[in-house]
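Below you'll find the structure I mean.
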Amino acid sequence: MVGKYKVRTDLAMENGEKYEKDNVEISGVVIHKSYNQEKDIRTTVVKIESEHGAKMMEKPIGTYITLEAPNMAVPDEGYHREVSVELAGHLKKLLPPNLDSVLVVGLGNRNITPDALGPMAIEHVRITRHIIREYGEQALGEDQVPMISALVPGVMAQTGMDTMEILQGVIAQTSPDVILIIDALAARSTKRLSCTIQLTDTGINPGSGVGNYRCGLNEESLHIPVIGIGIPTVIDAGTIVHDAVSNLLETLEESEIDEFLSELISPSLNGMCVTPKDIDETVERLSFTISEGINMALKRA
Amino acid sequence: MVGKYKVRTDLAMENGEKYEKDNVEISGVVIHKSYNQEKDIRTTVVKIESEHGAKMMEKPIGTYITLEAPNMAVPDEGYHREVSVELAGHLKKLLPPNLDSVLVVGLGNRNITPDALGPMAIEHVRITRHIIREYGEQALGEDQVPMISALVPGVMAQTGMDTMEILQGVIAQTSPDVILIIDALAARSTKRLSCTIQLTDTGINPGSGVGNYRCGLNEESLHIPVIGIGIPTVIDAGTIVHDAVSNLLETLEESEIDEFLSELISPSLNGMCVTPKDIDETVERLSFTISEGINMALKRA
Amino acid sequence: MVGKYKVRTDLAMENGEKYEKDNVEISGVVIHKSYNQEKDIRTTVVKIESEHGAKMMEKPIGTYITLEAPNMAVPDEGYHREVSVELAGHLKKLLPPNLDSVLVVGLGNRNITPDALGPMAIEHVRITRHIIREYGEQALGEDQVPMISALVPGVMAQTGMDTMEILQGVIAQTSPDVILIIDALAARSTKRLSCTIQLTDTGINPGSGVGNYRCGLNEESLHIPVIGIGIPTVIDAGTIVHDAVSNLLETLEESEIDEFLSELISPSLNGMCVTPKDIDETVERLSFTISEGINMALKRA
Amino acid sequence: MVGKYKVRTDLAMENGEKYEKDNVEISGVVIHKSYNQEKDIRTTVVKIESEHGAKMMEKPIGTYITLEAPNMAVPDEGYHREVSVELAGHLKKLLPPNLDSVLVVGLGNRNITPDALGPMAIEHVRITRHIIREYGEQALGEDQVPMISALVPGVMAQTGMDTMEILQGVIAQTSPDVILIIDALAARSTKRLSCTIQLTDTGINPGSGVGNYRCGLNEESLHIPVIGIGIPTVIDAGTIVHDAVSNLLETLEESEIDEFLSELISPSLNGMCVTPKDIDETVERLSFTISEGINMALKRA
């Protein structure tokens, strides 16, 4: 028998939607939604609190904050700034207090456009560690921040190393208090592409984004708190087909559809991704929205 | 009623396939296939010879030569050279004899990866017009070629002008004998992406590629022979779904499927394209394969 | 005898400085200077009014407005906006009244960083011609502007054509009322690099910038008003040496120095340019400052 | 008194030249030259064997192999391959025998063209560590090589970390037997730019290249053998002036010249570099020449 086709999304809130549709409450999962009409930003906080919840949601235990900001997909500097402010607010609450040093990591492959979000965002993060170490905090003037360092580790095909190995080595040498990891994500629905930010205290987990990370990058493996920040930029081509066909065949049993689809989808759509035509420009803008949010969140009040 | 969903391909041979499947011969269309086992290159020549054929094939009257070279999607310098040689051979036959001057045009948007094929290929075309005009042909040594000029006109959103206007202006000033236009195409089947070259004496026609050209760029509109050279780099996201679902529902009437699909597909997949994950690197390699083919074809024996 | 080494600058005001130093007034040249202390922008208007003045200044008859804004070389969004406002003000005065259509041209080679200013600036210019032609002016809402089109013609080594030929062709097809040409310039003094804008109604003249344009692009050759906008991004390596040595040998006759230098400088420094180490980032920022200035100037009050 | 202007070159052979000119032998320094007429490659091996030699040469004790290949500055694929072969031959001799794993590092700032040599070269190095660890050596077929990993650490302004810290961390995690570091260098003479490769077993030392590395990256600091591979892509603007003026004033005392020059040069030329106009394309080609040399050297016979 062919393997079940696995629809994949990195957004916890999308995994929650299938239960909502059926009006099913899952024990161990608390979902809270709010909408800021003025800013047109929809916020969903998913808290997975038990192993049962984790299994049902196919995501590790932890908090997932999702901002949906439809206008983020278009160029509007003022709006992007508002999203950055919103992001900064949530990020601040996830950060440990009395932070002395932060390592910001941009995952992904700079040479694959929809995967370049992390490396591009790193370029605009304000880096201060070398200045503070050389001249002390007062060198930064009134604009005080912790020691901020940054790394673009590259993907395994470029480095031959697990991202985990590189991060463990750099953490051992530089002892940051917390690590922020920026990555491009895969969504399930086209309407989420380029206009959704997910923030989570569970780090980055296998199969996320366009590339693949063999092991989870999280507090368990890196021994310091790990905050993941991601924006979906692609959908697996198979997912598009799966969802269209599922809608069509709602009357069939789910297992029948899956078996049928795994045969239909796998060979030809393998390695294909669905992405908006204007993704090159969009990723550049989004990389600023994220780095600005990080820069704001790290400023000491 | 919602409009019929329009499956779109720039490859004449793909439009031919639907008739082949049903073993239908179309009057006014001659299709000839051959396979070079040693090189693993499959060649399909579609000749559309009448208005009836043009209507059935949804392409203008003319000759369409398609090379399918599966290994072209991977990095193998020797193989790419063989494809360039093959391309050069066909191109030479389409070119007018006793050529004095050629204008090579790279269509598309350099900032959208799958659409950058044309602009990137132009970068490697050997340019000689300014040298011959300044120093005469002997300045080129033994390596004689006609006067070769090149232009990357940009797309309408970048220029505010129809590509047609720009080309008409430049042709009026520089009087080339023939124009070669390189463009990224849209295919229908994932197995054609990045490994198929279409060469045609009908130029480039509306709806081709990732961007849109309002008018056909062909001998009728430009008043000199126009040869189009293209490689499919994307598939419309709607097409992927259409074809998957069609396979599934073979028993339904085509018209039922179409009506159903146009409702299903249009809103969410609009502006989405399906493209291989490694398209950034692939387009760079393919741009060399094409420019090398052109450089070889233009050498005087 | 070896040819005299030719120190080259595209800035009219730099050619003026040698006369100022000696307190010499040149008939046919009027120079007016002002300084805005609050904005820290120094403005020099050089009017060359006679052939004698043109010969002495080594520049065609016309008006040259130079803005020196020292902070423009560093990233400060607010300051760049002020420079754009200043640029827009001067540009507005040079533009013909009741403008219906404008062609903006970005000269230079996109692949040579200090020469990429023109092509990069074009990417941020607001393009409207295709929208107004399709939907009428009201499609732009309250934000009315003339029909704006844009072109990046490339340099002769890339196209085989004179920029002149391309522009003449496009002008013939699209009939703009005025043409704005953006180009990277060569300066004589390092302190002018990246922080000086020259605006002139004489267009762009041979030997300007990093690349070379064989003929002047001006009202005489293009038959419509031509406004040149440039920022110096390089200095010829020979110029640096020339000026350093000249300072050193002030006591020698100029002609002795020149003869000596042409021997010393020419062979080894040919093809070398002096440029700030951070030119890649600087050119990107400056391209925005210019395009914003153009966008503001073209808005109908 | 103003500080002495410090002429800077990363090429040991250039530091040797001042002594050769005066026909001075330095104890502790052995220089051997050879010329391959057929290939037009000039090889200089400088061995610094004592502290005295190191002081005179202003470089650490060790071996410096310099290949001068004038045609390397122009695009000629065949010639570049020959240089790669030559480079591979020398590199093989410097590598420890029975190599199990190699870490290749590309220093420099990818966003500053003349400094991007290292990051660009890394893109073409064959990476095998992850494959061998997952599937064993036999997965590579006949084309056996050691475990090869690679890293682009970025420069301090981008990361906030010393390159040293990052490398120490990654070495601790992945235990390579040897580290190859690729970096863009600064030369003293324009005729060396883009056509000289220096190979040394002393690693990379402070002040090398366009960026700055606070500490030496060498066997002493990294505890494994470190081989530095560099190509000069820039000259300090001050050096150009210094050398031109020195030639001019040969009759003055060196100390007089230096004092005079430090006043003359420092303020205005600070942060300026001299670089060939075609450096963008050249660096891309050279990055292939180096990575090919490395790929050849690492193949097991």
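The chains carry the letters A, B, C and D, assigned in the order they are written, with residues numbered from 1 in each.
To be clear about the criterion, contacts are C-beta pairs under 8 Å (C-beta built on N, C-alpha and C of every residue); 3 or more make two chains touch, one makes a residue touch a chain.
Since we're looking at a predicted model, the values are computed, not measured.
Student: Of all the other chains, whose mean CA position lies farthest from chain A?
Tutor: It is C.
Student: Can you work out the whole-Å distance between the CA centroids of chain C and chain D?
Tutor: The computed centroid separation for chain C versus chain D comes out at 37 Å.
Student: Using mean C-alpha positions as chain centres, tell me how far chain A is from chain C in Å, no decimals.
Tutor: 44
Student: Pull out every residue in chain D that's touching 2 or more other chains.
Tutor: In chain D, 111 touch at least two other chains.
Student: Can you work out from the touch definition every pair of chains that touches here?
Tutor: A-B, A-D, B-C, C-D
Student: Can you list the chain C residues touching chain B in their complex?
Tutor: Those residues of chain C that touch chain B are 111, 122-123, 127-131, 147-154, 156-162, 165-166, 168-174.
Student: Considering the complex alone, what residue numbers of chain D touch chain C?
Tutor: 111-113, 115, 189-191, 193, 210, 237, 240-241, 244-245, 247-249, 260, 264-265, 268-269, 271-281
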